[in-house]
Structures are given as C-alpha cells and as structure tokens.
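Next up, some structures in structure tokens.
Shared between the two complexes below is chain A, which pairs with chain B and chain C, respectively.
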Partner chain A sequence: MAERRGPCGIGGFGPAGSTGGARAGSSLATGAEPEARARSFGGPANSRWLRLGAMEELDGEPTVTLIPGVNSSKKQMCFDWGPGEMLVCETSFNKKEKSETVPGCPVIYIIRKDVDVYSQILRKLFNESHGIFVGLQRIEEELTGKSRKAQLVRVSKNYRSVIRACMEEMHQVAIAAKDPACSRQFSSQVSILSAMELIWNLCEILFIEVAPAGPLLLHLLDWVRLHVCEVDNLLADVLGSENPRKHESFWKLVTILVLQGRLDEARQMLSKEADSSPTSAGMCRILGDLMRTMPVLSPGTTQTLTELELKWQHWHEECERHLQDGTFASSPHLESLCKIMLGDEAALLEQKELLNNWYHFLVTRLLYSHPTVKPIDLHFYAQSSLDLFLGGESSPEPLDNILMAAFEFDIHQVIKECSIALSNWWFVAHLTDLLDHCKLLQSHNLYFGSNMREFLLLEYASGLFAHHSLWQLGVDYFDYCPELGRVSLELHIERIPLSTEQKALKVLRICEQRQMTEQVRSICKILAMKAVRNNRLGSALSWSIRAKDAAFATLVSDRFLRDYCERGCFSDLDLIDNLGPAMMLSDRLTFLGKYREFHRLYGEKRFVDAASLLLSLMTSQIAPRSFWMTLLTDALPLLEQKQVIFSAEQTYELMRCLEDLTSGRPVHGEPDAQRLQDDDIETTKVEMLRLALARNLARAIIKEGSLEGS
Partner chain B sequence: MFVARSIAADHKDLIHDVSFDFHGRRMATCSSDQSVKVWDKSESGDWHCTASWKTHSGSVWRVTWAHPEFGQVLASCSFDRTAAVWEEIVGESNDKLRGQSHWVKRTTLVDSRTSVTDVKFAPKHMGLMLATCSADGIVRIYEAPDVMNLSQWSLQHEISCKLSCSCISWNPSSSRAHSPMIAVGSDDSSPNAMAKVQIFEYNENTRKYAKAETLMTVTDPVHDISFAPNLGRSFHILAIATKDVRIFTLKPVRKELSSSGGPTKFEIHIVAQFDNHNSQVWRVSWNITGTVLASSGDDGCVRLWKANYMDNWKCTGILKGNGSPVNGSSQQGNSNPSLGSNIPNLQNSLNGSSVGRKHS
Partner chain C sequence: MEEIYAKFVSQKISKTRWRPVPAGSLQTAETFATGSWDNEENRVSLWSIGDFGNLDSDGGFEGDHQLLCDIKHHGDVMDLQFFDQERIVAASSTGSVTLFLHHPNNQTLSVGQQWTAAHYHTSPGSLSCRSAPCTGVVCSNPEIVTVGEDGRINLFRADHKEAVRTIDNADSSTLHAVTFLRTPEILTVNSIGQLKIWDFRQQGNEPSQILSLTGDRVPLHCVDRHPNQQHVVATGGQDGMLSIWDVRQGTMPVSLLKAHEAEMWEVHFHPSNPDHLFTCSEDGSLWHWDASTDAPEKSSLFHEGGRSSIFLFHSISNQANVHQSVISSWLSTDPAKDRIEITSLLPNRTLSVNSLDVLGPCLVCGTDAEAIYVTRQLFS
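And then the complex of A and B:
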C-alpha cells in the first residue's frame, strides 16, 4: 500500500464544495477557461444514451462547440468526417441566391473529439491502464470466491495507483508551469484526476471489496484519510516548530486528527500540552485515556461485532459521563474534542471548515456514533450528512451526486453520472469493465445487444484511434468487445495512415493475426498501387503477391516484361528469383518467373535446360502471344551454338510456334511508313529464325541419326 | 469536441465542399472560384496546400476522393455541366521540390446537359466506378475498366429519375446478400407532392438498375442523402436532409416472399425525424463507424445525432459559429489539451480547495 501515502503529498484534492459558502468562490478554473465550457462537447458529456431504467429525466442538453469566425445567423457550414477528425467550413448552401458578400478568406476548421487523447501526461494513464485492462480480461474465469475477489481488488488498486501517478506528474507540471493560465489548467486537471480516484476508491470499497459492517468503517476511514490529507503537512509543520504547543495551528491539528480518528497521534499531541501546562495536565490525561480506550475493530481478532458494540457502548457512556460532570469545562478545546468523540452533530458541524466536505463529516459521524454501520444503512447516513453539511445553503454538485449514488449502491447511476460529468471515456470504460468482471452489470443490454461495458469500451477505443500512436492500445479494447469489436476494428484499422513501411507492416500484422483478410488485401493493394505509381516495381509486385491480387500481379508483371523489352535487363532480380509458390498467383507472374529462370539457366550456360524451358513456355501457353517473338528471338543464340541444343522434335515445335505466330498476323489496311519499316524488321527476323531453325533441324537429325546408329 | 486547428483556405469565393481522403491525411476543397485545392498534413500536423488548379468553368459543387486502392484520384462536379476525374502525377519535377504536387485531368464526363450536382465513387468492391447526378434528372454510372488507365471511362448506366437530382449515395454494404444500390434525392421545388427519394438496385439478370423503392413520405426538396456504414447488419440505414433530418431503416423482405427475379422489396421505417435546424437541412453524413450522424442546416449549425440502446436518437452535440471574425495567421493550432477544460460541472465542485493552496 505504499501507493497510498505518496500521492497524499501533493495535497489531496479539492473536496466537493469545501465548506458551505466557499462553493460560490469556485472561479479558480472556470474563469480561466470561458471558451472551454463552450467546447465541452465530446466525451461522455454526450453519453445521454445511457438511459437505464427510469433515469430518463436526467437527460442533459447537447454540448455546444463554438466555431470562431462563423456567423451562424447568416451562413451555413459544410463538413466532412475523417477517421479521427472532422472538417468544418463556412458556406452558403442555397445556390439560387447569389452570395451577398464574397468572404474575404474562407477558413477550414479541423475539429477533434477527445481532447484528452492529445495530452502527453494522460498518455501514461492510457498506456499503463491498458496493461492492467488486458491482464484483467485474462483473469481466470475459474477463480472463485476469495481468490477472485482478492485479484479484482488488486486490479482496482493498480488502476488507482496509475491515476495517482498521473496526478502526481500533472501536479509537478502545474508547479513548473510558468504561464499562470497554463498552471491553472494543469491544476484543474489534477482536481479531476483526484476526483476520479476518490470515486474509484469508494466504488472499490463498496462494490469490489464489499466490506461488511465493522471493516466497512475502517475502509471508509482510510478513504477519507487518503483524500483529505492536508493534515500531514500541518503535522510536519507543527512538530517542526520550536514550540509545537504554541503553534497557532496546534488545536486545529489536534482537532483534525480526532476528526480523522487518528487518536494515537492526537494523544501524543495532547501529552505535549500536558507536559507544559500543569493546569490542564489532568484533563489532558483523562481525554488521552478516553482516546486510548476507544474500542476499535482490530483485524485478525476473534472479537464479534456484538462484543465490540457492547464495549463501545460502555466507552461512549464514560465519555458522556465526563462531559456531564464538566471534567473539561475549564478547557473549551478539550470539551469540544470530547463532544466530537461523542459524535455530537452540532460539535461536528462547528468544524465544517476542518472537515472540508460532507463525506468526511459522514465518516467522522459514523466513527463516533455508528461504528458498526451496515452497508445497507450507509445511504441513509450519507443523505442526512449531505443535508446537514450543506444546510440548505447550496445544492449538491455532480461529484456529490456520484458519491451519493455509490452510497446508495446504485452502480448504473454512478456510471451514468460519471459519464456526464467527466470529459473522457477512460474512467467510465475501465470502471465499468472492472465492475462487469465483478459480475455486477448483468441484464442491462444496450443497442444491438452489446452491453453497457462494450458500449463504453467501444467509445474509448474509438477515441484512441484518433491518435497517431495510441490507436495500438485501442486494438486490444476492440478485441474484448464480443459484439461490435471486430467490425469496429475493421473500420478503424483500414484507415490508419500507412505513412511508412514499418507502420504498414504493424497494421498488417494486427489484421493478419485476426484473419481480417479483406483488410489485409486492401492494405496490400493500397501499398502496391502506391509503389506502381512511384515506379517501384519490385515493391509493387511483392505487395500484390501479399494481397493475393492476381489482376494486379499480372499488371505489374507486364510492367516488368515491358521494362525488360526496353532495357534488356531485369530489375529486382532477388524478388523474381525467389518467388517460389507465389509465382502461381497469376499466369503472367508465372511466366515472368519462368522467363527469368530461362535467363538464369542461359547465363549459367545450362543451354539444354534453358532451351526446353523456353520451348515449354510457348507450348504450355504460359507465355502471352505478344511475347512469343521475343522468346523465339531468344532461341536464336541457342540455335547457333556449336553443339546441337534443340532436338529435332523440339525444333519442329519451335517451327510450329513461329508459323502459328506469323500466319495469325492480321493483314494491315493502309500501311504507313513506320509500320512498313517495322514490318521490314519483323520480316527479316522471321527469315533469320526460319533459316536458323532449318539449319538446326538438319544438324539435329544428323546428330540423332548418328547417335542412334552407333 | 474542440477546434484543433484553423486553416486559411485561400479560395477566392465560397467553398462548397470539403473532403477528407480515406486516411484523413489529405483533404480537398472546391469553390465557386472554379478551383479545387488539395491539402496535405505534414508529420508535425500542419496542413499545407500542395495543389490548386482551375478545374471547371463554373462553380464546383462537390469534390470527392476515390479509395486509395485506385491511387490518388479525385472527382469533381460543376455547374459547367461536367464532372471530371483527376489523378495525381508522381514525378521528380520541380513541383515536388517545392512541396507541390501535380494533378492531371484524366477525363471529362460531358453527358449531362445541365449542372452536375453530385458525384460519388462506388464502394471499392464494385471496382472503379462513379455515379453523377444532374439537374436534368439523370443519374449516370461510369466505370473505368482498367484501373491503370483513368482516361477511359465508359457510361454504363443512365437512370432517369424524372425529377431534378440533387444528391446520390451508394449503399456501402459489401455483403453478397446485398446487390449494388444507389439512393437519389431530388430538390425539385415545384408545387407537386411527388416523392423525392428513389432507391435503385442493380439486377444481375437484366444487368440494369431498376427502381426498388420510393420513399413516399418524403415530398419536400431533398438536399443530401447518405447510407450508413453497414456494420454487418442485414438492413440498411439511410439519412436524408430535407426540411428536417430523417433517418430511415430499409429491411429487405425475404426473397421467397417477394416476387423472384424482380428488385428487392424493403420494409421501410422512419426511426428518427428532427426539425432542430428550424429550416432546410443541407448535408447529412455518417462517421466512419456509422454510429454518429452529422447534419448541417439553415440554422448555421452542424448537429450530431447518436442512437441509444433502445434506438432512440438524440442530439448529442452542436457545432455553432460564434459570429466573431477570424483574424491573424493562416494556421492556428490549439494544443492545450486538458482533462479539466471539458468538465465545467465536476470542475466547479472541485474548486473549493486547491492543490496550490496547500503548497503555498
């Protein structure tokens, strides 16, 4: 629990409403951000969908985002959705009317949804909670009872410590910020994070820990001590002074310690007072004894609640007796402390300022009047504490409502109120998911049958996808949404910009792992097209092979062959030499691979193999007809080798190919000069081939005859 | 939502359309100044105009990107009665050194005799196709059979709608169960009560588009129309911008129940109707997952609509002009993201005690 102490040092958080009248003075951050209110659009503020049961009346108004420079009374706006952003631009749609004023310079606005996604510090929150989330999804379903609960509580504490770490960092940044407005902004974010942690902690106690009467109060005390912790600074301050007893805040400190039930520390302070003031030494000793003897539930003992209640009753009566007897009559300070320990409401309310907020008041009140409060009775005390504390001076605010809903064990209300009050989906998505793992959220199906958990996780993950690197976290959240996670991921992932090969491979890996074949195909196709456009044929070919796009592979192969015809050599030899089975994707690609193989064999002087491969390319019809003349021309040097390479039978085949080709030629209508010249070259080529074939045939017949004869 | 950036568009007249490319890294704008501009987002997130050229001899109504599987391709349509297809040329020219790119016109589609009011590329699984519609009441569907040769477009279909057309939308569903489908809206404002939205479906047997449905209840001029991304549903969702925002569902009636061979019949339900824009609604468009619909209207606002789990649609957000003139630089970033700024409610209740106080 080391995490519990540390963050306290940053000064706790803003308790809701502090003392009665201070509520009005909440201009600290509101004044700093007038426009921020207007743009308080995105995020859970628009989660009015979350209508559960009879909560319809809590539907809020849509939030408004102001677009500077657009006059909505005169003009309209055109817009477009992007994957993570929106474009908005002033226009005038009624085309029939001539626009009365030509705008000086139209402006395009880029609108983003989740502002928090872009915060450097909050990125840590997103990153680290992602790991916890994934771990939670893998929690063994078989785990039951105590071990499961312990696991879930541990997960909850992990989430909270991430919030605290983030809060601490945000606080450091706030202190370091030179610009006061900026500093205020960071400070207000600290407040929000702090409120999140406060709510989460209470939910953990009530819904996950499910503390029973007795331990419940101990947990609540810890909760209050953790969150109202300015006392630690004060304690250090007072103890560090030359004469603590004379310190102006001495009695304030003692009172706070008593209010928080930190009676051992309070007793030590009192002994300082006793040491230096003989007149009050006796009284201090008596009150100190009362503090020491207050019965508390100590974990691990066999003491029953009834025994505790009985002992507590005795102790309470003893305190009462001292008060009645006027033991502390001569010291208003001590008398007030005694009244607090009796749970006297009036005495407690006198300490409003030190209590800070109604829930501290609630816990102190329970400590000194109902220490064995049952969970089911909490809401009653909570409501009356809120009413007493506010005293009709002000009305409850969102945080108050959220905490009250928790005390009422109304989980859906907690989530709903948080959705409305908090700007990002992080909190509600993760808390809801955790509560769902605690099996607390069954039977509330939302749109398309996906439950509330999924709805919130989808929103959160979609928000992450708006960010250039956080989208990778979003993938896992979609994975754990059984209903619409996959289709949402498909729609989002194909829009990730493929700015670098590395990024493209990352996206592809994610799609391949999930058998998203259409997305894989599309991404490879996009990259293949990009490569072709940039004349990177090798890259284009390998992407189209990966896309299994036969038509495009054919197209790229043709480009390779055309290049070869023009330049007489191949590029990207490595790729073409190592096509392997991928060669089968398209006939043209097969041909390209085989044709290149022919060149290799020829280069290695394996003429016989080269020759039969060349012939087979034509006889098997793999070679496109338009390429036959090139192939036959390639046969020429083989025909003119010293030794006979093509057998007689092969030579007949070659001759048949040549005749096929030449007889199939269409008769040209009106030959122009260029065509005549081309035809001339062609005719010469054919003549040369015929001659070479005839000579080869003669040689082959002689050779074969003599071999057979011998 | 918040304004992250504002960019001076530098068009000399009204902008009629803005369009993100598939990945949101590029955008195109078109204007009454007869030009189209293309903007690219740099690694640092700044937007730069990388091309600006005269595209038509009249106001350019719409500009739209083809899927990147087909390369970098734009289509535009104009008052000058034409639509055009543009392709970006990659080259080592001086343009590139100056951070400019070069777009060439691949084709001009001149079949319309009146203003071409909308142009939309078909879903990519259909190949490289586009549809135009025009004031003369005809929807035309063109195809480029060779994706490497964008100068060859053949007019595949002409669908007569009898009414001046203002907008078209392809059904994006790639499910084999769904035939290609296109919805057409009309802004004909003559005082008749004719239905203004027609839906045409491709028939494999006749190889023609035939009318599948007419939305009889929509009789006022329609300015925009948009099918939602399908999300694997068996039915379709169609948003319509008319004198209000309307959302319809179209559930195909099972084939054995309908006459076989003919067009699919649909059970049509209106699931939402909003008159919050007070008057005419001009644009409707879905986000990429089809969970939020945005609409723009005569009230000068863009409104966002989202359904809850019970199919109840609600306005969840409004983008509204603040009326004050913009001044200053061409590109303004707004990068103080804050957790707190969006949360006036919780914020207020938290300000009673401040962190600062404890450290002062």
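And then the complex of A and C:
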C-alpha cells in the first residue's frame, strides 16, 4: 500500500490570528460535512468509519472520514488507491455457506482526496497560478544576482496577488451567501487563504528577498501592516466623525498606529488632540517630537547601520528621560504610548487586544527595542515573543508553528507543517517550487521518489488530473518534473475519457508534442475502434493511418472490401480516392486503394490500364487469395469486350491464377444442401471464366500473330 | 492593444460569440455569449461589457465583463451562433441542437426549441442509435445548418420540429465546421482536409464541388467566408496553417500561410473590415492578420516590442492573377508587394485559445485556462 501523508481531504487549520477556540476536527473546506463523495447505487443506509493515514511515524492524528451508508456491523470493507481518489466497497465474506452466492456489493464509494480542487473559486487560483508557474520555469538560468532575485520576488508577489484576489472574491461570496452554514464555510476558506498569504509573505521576506539587518524590520513592518488591516477602517471611521478627538476609539486608533510604527499618522492624530485641549498641548507636542525624531532606516541613503544604531540609542535615551521625569505623568494615554515607544514589554502586553497576535507583538517589540535585528537572531525574539504573548494560557497552533519554523529559517519544517495543516497541495507545491528556484532546497532528498519539489508537484498535478476539467493544467506541472513527470503523465493521460473527437485531438496534441508515441498509438486506436463500432469506416481508416497502425488498417480495409462484396459499390470514396502515400501502410490498404483505382480506370473506359492493374494485383500477391475469385470475375467483362484487352501472355497469367485457386481447394467432407448450392454457383463461375479465358486467348493469339505477320 | 481584459470564469470556454447589433444602428458590441466544455455541468452564458453606471466610476471594474445570465447545457458546447438578437443556437456533444431564448426584461435564458439526436451513429447490425457530437452550426434566419462527427448535414428551420433536409453520410470522416457560401449553398470542412460545397437545391447526397489540399489530408478545423467577396474562403488546419481559397477556380488553395504551431480552432474575417483576419489556436496564441495595403505604418513593419512579425505569402498557385480587377488583398500573390502584418494579441501564452469573435472594434476570446479576454480597441 502506498503511504500517503499530508492533505487527505480533512485537516485542521484555524483562522489567522484567532487565539484559542475549538479548532480540532474543524475541516478546512466544508465545515462539518464529511469529505467522502460517495456515488450511491442503492444500499443499506448505515455508516462506517474509514481511517486514512500513515502507518508509521505519525506527524499528526490520522483523519477519519465518515462514509455514509456503510454498514459497519455486518460488512467488511476493501479499498483501492487511485491517483487522486480511493475506491471503497463492502465485502461480505460468508464462510459458512459457501454455496450460497451473495450478490456483489451494491455500492462503490469514491473518496476524493483533494477536495479543494472542486471549489469554483479556487479553480481561478489554480488557473491563474498555472500561468505564473509556467512563466517561472522559463526564467532563464543565466539570470544571476540581482536581476534574478528581483524576478523571483516579482513572481512571488504575483502568486500572492492571486491568493489575495481569490480571498477577496471568497469574502464577497461569504457575505452574499444566504445560508449561514454556507457562509461559514466560505469564511473559513477566507481565513485559510489569508493564512496562506501570511505564510507566503513571510517566506518571501526571509527566503527570497533575504533582507539583511535594517531593511529586514521594514519588510516585517509592511508584513504586519498588510495583515492586520482593521486599522484602516477604524482610521476612516474616526476621521470621518464630526469630532475625531471625541470618538470613542480615538486612543485605540492612536495606539494601533504607534504599535504598527505608523508614527506620522499617529502624530497627526496627536496634533488634533493638542489643538483642542490646551492642557495637554505641551505633552502632545513633546511626544509628537519624539515620534518625528525617531531614527529610521531610509533606503537609498548611505547611512550605515552603526550610525543608525548610535542615533537610535540617543533617541531611546531621550524617551527614557522624559518618562523618568514624568513628562507625561498627567496623561495615562500619552504615558503608555511613550512606554510602547520604549519597547517596554509589560506596556506592550497590556495592548494584547490591539496586537491581535504574537507576531505583531514580535515586530512591534523589535521596532522599539532592536530595530537593527539580524536575521540570525530572529528566532530567539520570535520564540520569546510567542511565549510571552501566549503566557502559558494556550498552546501554539499550526499557524504559529509554521511561522516559528520560518523565523528559524527551517524551510523543510515550514513545508512539512503546511502539508499537514492545509487541505490542498497547491500551496506547498508552488511555494516549494519557488524556493527551489531560489536554490534553497538542493541538498534535501527524500528517501522515496525524487526530491521534495518534484514530489509535491507530482501530488498536486495528480490531484488536477483527478478532476474532470482541470487535467489540462496538470500537464505542464508534469513537464517540469524531470525525473518522474513523464511516466506520471503517460499513466494519467491514457485515463482521460475521450468523449468527443475534439477532446481527443487536444489529448493527442499533448502526447505528440512530447513524443509519447505509445500513447498516441493507443488513443488513435481507441478512436478507430469507436469509429468501427459506429460504422464509420472512413473515420476509422483515418485514425489508423494517423496512428500508423498497419494491423488495424488491414482490419478496416477488410471491412471495406466485405461491404463492397455485399453491396457491389464502395462507400467513402472521398477518403479512399485520396489516400496518397498513406496507402503503403498495409498491404491490404494498398490493395483497397489499387482495387478502387481499377474501378475508376474501368469507369473511365481505360480498359487496357485497368486490365494490367487487375492482373498485377494478383501476380504481385497484394490481393488476398480469398479475393481472387472476385478479381477474376471482375476480369470477365474485360474478356468479353469486342477488342482484345488481355494479351496472350496476360491471359496465360490469368489462367494460372484461376488454376492455382481451384487446385488448392480442399475437398469437403459431408456437403450439405447450402454448400452444394454454393459449390454449384462457384463451379458455374469457374466454367464461365475458363470459357472466356480460352476465347480471349484464341483472339489474342490471332491478333498478335496477325500483327506480327503484317 | 493595451486594453485587454482577462477574467477567470471557472469553466473552460469552448465558444465565444458577440450578439449581432441591429443592422444600420450605431450601437457597438456590448453583449456576448459563451459556451463551456469538459465540465461536469456545462453552461451557456451571456455577458455584458456595457457600463454599469456609477458602479464602475472608481475604475476598479471598468472594462471588466459581467455575467448577465446563464443556463445549463447538456453536454459540451461544441458550437454557438446567434440566430438573431434574442436567440442563440448551441450545438452539443450529445448530438442535440438547442435554440435558447434570451429574455432581456428579467435577464434569463430559456430553451426555445430543441432538436434532440440531430446527430447519431447507427451501429452495424442493430437498430439502436448512438448519439454523435454535433460539431458545427451556422444560421441564416430562418435556417439552421448543423454538421457532426457522424458526417451528417441537417437543415433545420426555427419553427419546424423536424429537420427540413438531412444528408446522411455526407462525409466519410468527421465534419468539423460549416458556413454559408451563398444561400442556399453551404461549405463544410472535414477531418481529411477537404472543403465540400453543397447546394440544397440539388437532390441527392453528393456535394457540388470538392476542394482539397494535395495529398496530406491534414484535417481542417475551421472555415470563414469573406464578408463581401463570397468566393474567398479562409480555413485553418490541424498543422496551424491558414489557407485562403478561391472557390471559383481550382481545387487547391490560393495560398498557404504558415501560422500557428498547433490546431487552428477558429478563423474570422473582420465583418466590416475584411482586410483584417483573426485566428486562434491550441498553442495558446491569438493572431491579428493585417493585409490592408493602405496601412500607414507599412514602411516600418516591426512594432516596438518585437511582438509582431512579417510573413510573406507562400503562393502555390499563380492562377489568381486572372481577375486582377476584383482581387481582394487575400488573393494577391505578388510576394514583393503584398505583405501581411501579424500581431499577437495575447500578452503571454496560455492554454489553448478555443474561440474568438470580432465585431466592430471589439474582440472576445475564450481559453482552456478558463479565462475570457475582451478588448474594445482593436484598431487603436
């Protein structure tokens, strides 16, 4: 049994940033619905549990899929893996009464692994990212250094924008949904997409951008600002009110702005406060000045990190002094802001509500206490921030673990955790591929299959192929799996149902472009076979010619000849008359073409040409012996023409052919009435032929003799 | 060609068609229909590119096309044609032909008339029939002509329940497309590279004329007739070649132009500006062919960006020069004088572009990557 880990249709993954809550057992895609998609053909309505999971080294609890309609008390089950699906059916062993045959199981269940593939909105994600993926594979290897990095960052941003677009649409749908369960389901999808984007963005900063100390923090700030975006609504709300200062959320807003390092905006808010309240105007001005003078790294200047650190130290001391002096003692709001700006952990933790989550806490803490944090030290601060923020009240959740692994620069752990937590392979496959292009994954090889990138891409592509419509996308993913992609494609492509010729042509094109001759042959054969079954001999012949399938061409040619013998005329002349060089594919086809040519010549009254063609068909052994009698009968009218057409030489040949045919005949044992009658007709035919040949020979000898004589 | 809008629609698009604008009106195209294929449930949909008042004033959705209404369609949509302003004919892979009615008042679609099992196979030795995909449909009010994989040609009238005329075994291979030449003559292309002209005035099951490429039997997938010069016909083949035919003379194409790298799924002359031609292909490209001789930038043939390239006519027949006076730019064979400028319209290659349609300055196309592209500035 193949061991499969990771997404199995059900997984737990909470909304981004939520703290605690019932998360276990919540499924990603469909809320409380079981993921088993069963096709029922009628059967008992009991149910039974099925366990999907790895046999050893569990990374998580194996998920349980409930299959409705399976009787657990009586029946046993058997199953079989497919590329993206699993077949399950009941078995009923009855040891005691072997004689009594139990009718086969009435129901077969199809269990789909990659349920997200079936989401209408996620289809857009798959399709749009497919284009980005293909573009990424074509990035020239020569590109090095900065331009290559810039390209990769651009690709990463494109992927993220697709996730965001999808998230927005899902959000709209969730709002518009009337059914609350449905709405919940979409909302949970939104939070998953949001988490994906959050993780991807962090990976982009840490692994692709590889920001050094200084710019690193600026990137992290952007990251937090992008994902904790409620503040913008609040800002609009407060500024839109009649008297912003009196708005109940005024101080909340200022605090959030400070927490996010948006000091310019915070300062503007403070100036509003200063304008309307003369008592605190002084304090506000001082704090505003502190905000303004906070040293920040501005990209583009030649300022060194040491200079920045020095200035920052200076500024920090000034803030400290104001706090010590009790400058803001009369205003608790301002004092707490000042404490935040000093990076005071206790003051920060007081704002837990506003910080939302530990990584926001981490970034704010770094901003006001270690602005020049080095990438290598990140994990230390991240771990302590997580511990401080959770404070032992709750344990970290999957998202926390993934982000922590990223802060630890443990790419493999990130991918592994994501594989377990997310319900589809899209995310890990694309992220891993991108990181591989950044040359970050070379060393890692799996003990099965190929490397990790390829393994994940294969899984994703197999999922696409299981889908009735998205299979076309999968092709390109297989193309970029150097080791096992080709074999996988060969196995999958043969299983695409060919409902129309147009679809078949698309599949054929895929195979032909990749020189998959075996598959081309098999597809053409399927189509030829279908055409024969539908009595479309012309189509069948075209397909066997395309497949260069000599055996099948022979079979179809025989059918044409049989039809001719029965009806006395050819069908599908438009094809047979235009065979061209394809005629050489098989002897029988050549014969068919040539025999038709004989008829055409005869029809055009070119008797001499027709006669020599007819004879050559027999003497060259192209014509099957079973058909010789027909050919000889065709010669009859030529022999009976007024002028002599067959020369003496040719007549001898014809006679030899006739004798060959008649002498080789086996003697029948017990002749029945029908056979006697048949034999009778046959004998008459032979007699007539012999007579005609003899007469023609006589005429030919006389003619040739007289011509030579004259 | 800066303004090309893409929209992902979660279904593979097999056909896109503009709704015709009333003759003589100054209206521009604003509604188009699409059909999907290879889905568990396929649909015929109507879209609008019209303005939606203030909704779009922020610029966010301007130019984007919005779904007006859609309806389930049994089987893949193999072909789609507007019968008139309100009616759409769809050809199905199940062999049926359906006439859909559009009700603009409440924006819904309904089934007006359906001819089930218009195309079918007869199995040898049994009376049972198996449905055969209907591959092409063409309308000329009140007549509808359909062709199918069964090599059958049907002539329907919108108000008749039964086929008015059926030509069984019209072709030994699959018929891929059909177009009207001059009423009542139609032209079909098949999978062994032949063009056949049928005259409904003649009884019997024989075409009045057969034209073909020599020897190779490369399947032809699409055909379009020059809107003004009814004897000029363009076809696209499996090898991506564009062939221009003059059906009045010879049995071979006037010119063969190397075009796409894979099956050419559709070819369309611009209805009002027929020196322009559009083709799309399985290789994911969409091309604009400009054969107008008065193109102002003729001296500088290469666009900036290098997206366009020049192809010379590869004429295989010189007979076309006989009627110099009425010759269209597509039939001229002097390679030095006449060049065709080709522009690729899609920014980057995707999966197969299955269908396209042009009307006025607007173009719409649909792809297997489940995207619909629309541009409203073809000649800017």
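For the reader, a short list of remarks on this structure follows.
Keep this in mind: the second predicted complex is superposed on the first by the 604 of 710 C-alpha atoms of A that agree within 3 Å, B and C clash if a C-alpha of one lies under 4 Å from a C-alpha of the other, contacts with A are read in each partner's own complex, and residues count from 1 in each chain.
Going forward, contacts are C-beta pairs under 8 Å (C-beta built on N, C-alpha and C of every residue); 3 or more make two chains touch, one makes a residue touch a chain.
This structure is a prediction, so every number in the text was calculated from the model and none was measured.
Between chain B and chain C, more residues of chain A are touched by B. Once the two complexes are overlaid on the shared chain, A:694 sits clear of chain B and of chain C alike.
Of the two partner chains placed by superposition, only chain C is touched by A:580; chain B is not. In the superposition on chain A, A:565 makes contact with neither chain B nor chain C.
Look at A:176: by the touch rule set out above, it reaches neither chain B nor chain C.
In the superposition on chain A, contact of A:329 is made with neither chain B nor chain C. Of the two partner chains placed by the overlay, chain B and chain C both lie in contact with A:533. Of the two partner chains, chain B is the only one touched by A:107; chain C is not.
Looking at the shared chain after the overlay, A:498 reaches chain B, while chain C stays out of its contact range.
Residues common to the contacts of chain A with chain B and with chain C across the two structures: 499, 533-535. The residues of chain C lying in touch with chain A in their complex are 8, 10-12, 37-40, 76, 78, 93, 121-124, 130, 132-133, 135, 149-151, 169, 171-174, 191-192, 194, 196, 210, 212, 215-217, 238, 262-263, 282, 348, 350-352, 368-371. The touching residues of chain A, counted against chain C in their complex, run 120-121, 123-124, 127-128, 130-131, 135, 468-469, 472-473, 499-503, 505-506, 509, 513, 533-539, 542, 545, 571-575, 578, 580-582.
Remark: chain B residues 1-20, 22-25, 27, 29, 31-32, 39, 43, 47, 59, 61, 68-72, 90, 124, 148, 174, 223, 229, 231-232, 280, 282-283, 285-289, 294, 296-304, 306-312, 314-326, 335-359 touch chain A in the complex.
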